[in-house]
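In what follows, chain A forms one complex with chain B and a second complex with chain C.
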Partner chain A sequence: MSSTVDRQWTTRLRKRVEGTLPPEKLLPDTQPAYVASWIYVFGVLTLVAMAEVIGTGVILAIFGPQWWHVSSLGHFINSLHLWGVEVFFFAMIVHLWGKFAMAAWRGGRSLTWVTGAVTFLASILTAFTGYLSQTNFDSQWISTQAKDGINSTGGGAIFNVLNFGQMLMWHIVLMPLVLVALVGFHVILVRIKGVVPPIVENPEVGQ
Partner chain B sequence: MSLDWGLGALINLNHPGHYIHWHVIDVSVANLAVMVLMVAAFVAALFLPFPGRKHRRGEEE
Partner chain C sequence: MSKRYNPDVDVPEYKGRYAPYDILKEGTIALVVVLILVLGLAITFGSPDDKAITLQTWSKADPVDFATTAFNELNGTSAVAGYGPPYNTNGTSQHFGFISPAKWLGVHIPINTARDFVVTPLESQPASPTLSRALSQWTAATSATQTSWLSAYSNVSSKASFTGDQLVVPAAKDGPVPVMINTLTQMARSGALDQALETSKGFYTTDFTKPLLFLSDGTYFAGLAQKGHLLGTQWGMMNETDSYPGQAWLWLYTFWYQVSPFNTSTSADFLVWGLMMILTAVLVLVPFIPGVRSIPRRIKLYRLIWREHYRDL
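This part shows the complex of A and B:
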C-alpha cells in the first residue's frame, strides 16, 4: 500500500539516506586493524589544514589588506594562512601517494579517487588566485606573467588574471565553496564505502 | 614592520631563492627541500609503528 506519505520527497530522501549512510557508518565506533597506520592520518591532516586555512582566511577578510601588510598581528595571521596552505598541500600529496600505493580506488571507490583528484586541481587554482590576491608587487608580477599564458589559450576573455576583483572573489568566495563541497562529498564517499581492504588480504575486492 | 623577537626566522629567507639546475631540471632549493620532506614523511608513515597497534600482521584480535 503506497500512501501519499510514502511518495513524499522528504520520506523518499530520508529512506535513501538511511539506506546508504546509516549513522553508525557515518560515525563508526571502530575501524579495521589495518587502519592503525600513520598513512591514514594524512587524509585527516589535510582536512585539518584546510580548516585552519579557511579560519585564518576569514580573519584576513575581516581586517583587510592594510592590516595584513602593516601590523605585526596581521603579518602573523597572513603567515599562518600561508603555512597552513603548505601543510595542506604537503599532507594532500602524501595522502595521494598513500592512496595510489594502496590502489584505493578498488571495489567501487573510483568516485572517491576522482573527487580527490578534482579537489587537487581545484586546490591549485585556489592557491594561484590566492597569489593574485596578495596586493603586493609579487601578485602584480605573477598576474602579468600569467596573463600571457592564459590569453594564449583564449581563456583570458572570461578569466582575466589582471582583474583583481575577479581573482579575489574566486579566491575567497567561489573556490572555497567548491572545495568545501568537493571535500565533503569525498569524505562522505569514504564513509559510505568504508576503508578499502589491503590488496593481499582480500584479493577478490575490486579488479 | 618586522617581528623583532630577537629570534628572527629559523632560516634567513630574506634573499633571492637559490636554484639547482640539472639538465632540463630547474628547481629551487626550497621546493626541493619540501619534496624531500614529503618523501621522508611518506616512508616514515609506512614504517613507524602506530601507537595503540598491538597486533602484528596476521594475528587476530
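This part shows the complex of A and C:
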C-alpha cells in the first residue's frame, strides 16, 4: 500500500517540493549576516510596486479603457497606475544593477539572473503596450512611431501596434500572466538558492 | 581532480554568522512606503492626458495639409503608400545586407492608400451628382489617364487654399481629382471619414490602423508631436506629453537614433533593433560570457555593498 502511495505522481511531487523548497527556505526567519545593505531593499520594493500597479490596473480594467478620460476618480487611479510604474521600473533597474555589481549569478544562480533579466524585458513590453492603450494623443503618437521599428523586424506582421484591441489584450491579459509567472519563478529560485554570498577572490584566504 | 575555483562563477560555502530576518515585516514596510510614495506623486503631479486627435480635428485645424495628404494617398506618393511590408509591396523593406525579415514575412496588413483612404470612403458617402460623376469618371479611366490627372493636379496643388469652406485649387486638366479631394476634405471635417475608416471592418472595431496611418502621413500630427518634444530626433520614444516622465528605461534604444550611422541610415530602425537585440542577449547571458561576468569583480562596487562583511573578516 505504502509503495503504491509513494509511486503516485502527487506524492512524488509533494516530496520533491518539500525537498527543494522546505518552509524554512520559503519563509526564512534568519539570513546570512552579509545581507546588510540598502541595495537588498530594491528587490522587495520592485515586488510591492508591481502589486500596486496590478491593483490599480484591475480598477482601471473594471471600468474600461475610456473611463479615466471622463472621471476624476478614474484619472486619479490612472495617476496612481502611472507613478506605480515609474517606481516599479526605478526599483527594478536599481535591483538589476545592484545584482550585477554583486555578480549574483555565482554559485549556481545563473537561472535566477536569466529569469530576472527576462522579467525586465517583459516589463518593458508590458509598459509599452500600456502606453499604447491610453487612448489619447500619447498612444497615437507612440504607436505610429513604434510601428517602424517593429515592422522593420518583421514583427509587425503579427504584432500590430496600431491595433488598439490587440495591444490592450497584451497589456491587461497576456503580459501580466507572463510577468507574474516570471516573477514567481524568479522569487522561488531566490528562495531555493538563497542570497548570493560576497565575492571571494581566493577561497583559501577568504576574500 | 576537483574543478578549479572561478571567482566569477563559484562561491565557497558560507560558514559565517546568521542574523534574524523578518521577511513579512520587510515586505509590509516596503508596501506601505511604496503606497505613500505613489500616493504623494499622484496627488502632486497627476498624469497627462492630451486628447486624441481625429481626422476631423486635423482637417478643421489645417484643411490644406489634410487635402495635400489626401492627394498624396490618391497619388501613391505618401509615406504609407510607399511603405512596403507589412502594408504593401511598393517600398523597399529595411535590411542589413541580405537580411530583411520584413520582406521575408511579406504583406499581412494590406493597405492600398488610394482605395482604402480615398476612393472607398468616398463611395460610402450619400450619392450627390457631382461626386457620383467624379467617382464614375475615376473608376472608368485607364491607369494612364488617372496618372495624367494626378500629374496635372500635382502641378497646381502647392497653390491650394481653403476659402469659403471649400478647397480651392487653380484650374488644370486634372479630371475628377479636385472634386474627390475637396469632397474627402469636407467628409473629414464632418467626422464622417473617421467613421468610415474606423468601421471599414464592421460595426464593432478596436483596430485603428487605417486612421492612424492616414494621420501619420500628414505634417499636422508631427507638428503637434514636435511641440510636445516627442519626435524621434527629440528622444521622443522615451518622452511623455506635458514633460511627464515617460518610458525613461528606453533611453539606450532612443540614444542610437541620435548618433551616426543610425541617424542617417534608411534602415535605421532595423539596425537599432538588431543592435538592441544583441545587447539584450548579452544582458540575459551575462553569467555565461567570460570577461563580461568579470566586470563586477573589476569595478569592485561589491566591496561597498558588503563593506561590513569584509571589515569583519
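As a working rule, the second predicted complex is superposed on the first by the 195 of 207 C-alpha atoms of A that agree within 3 Å, B and C clash if a C-alpha of one lies under 4 Å from a C-alpha of the other, contacts with A are read in each partner's own complex, and residues count from 1 in each chain.
As a working rule, a residue touches a chain if its C-beta (ideal position, glycine included) is under 8 Å from a C-beta of that chain, and two chains touch if they have at least 3 such contacts.
This structure is a prediction, so every number in the text was calculated from the model and none was measured.
Judged by the touch definition given at the top, the superposed model places A:86 against both chain B and chain C. When both complexes are overlaid on chain A, the residue A:131 reaches chain C alone and has no touch with chain B. Between chain B and chain C, it is C that contacts the larger number of residues in chain A.
In the superposed model, A:94 makes contact with chain B only, not with chain C. By the document's definition of touching, of the two partners only chain C reaches A:149; chain B does not. Judged by the touch definition given at the top, the superposed model places A:76 against both chain B and chain C. Contact with neither chain B nor chain C is seen for A:192 once the two complexes are overlaid on the shared chain. Of the two partner chains placed around the shared chain by superposition, chain C is the only one that A:140 touches, whereas chain B remains out of contact. In the superposed model, A:36 lies in contact with both chain B and chain C.
For the contact definition in use here, the residues of chain A common to its chain B contact set and its chain C contact set are 33, 36-37, 39, 41, 75-76, 86, 93, 98. The touching residues of chain A, counted against chain B in their complex, run 33, 36-39, 41-42, 70-72, 75-76, 86, 90, 93-94, 97-98.
Remark: chain A residues 27-37, 39, 41, 44-45, 47-49, 51-52, 68-69, 75-76, 78-84, 86-87, 89, 93, 98, 100-103, 105-107, 109-110, 113-114, 117-118, 120-121, 124, 127-128, 131, 134-146, 148-149, 151-154, 156-158, 160, 162-166, 168, 196-203, 206-207 touch chain C in the complex.
Of all residues in chain B, those touching chain A in their complex are 1, 3, 34, 37-38, 41-42, 44-46, 48, 50, 52-53, 55, 61.
Chain C makes touch with chain A in their complex at residues 5, 7-12, 14, 16-24, 26-27, 30-31, 33-35, 37-39, 41-43, 45-53, 83, 85-86, 93-94, 101-102, 104-106, 108-109, 205-209, 212-213, 215-216, 221, 224-225, 228, 230, 232, 236-237, 240-241, 244-250, 267, 269-270, 272-273, 280, 283-288, 293, 295-297, 299, 301-302, 305-306, 308-310, 312-313.
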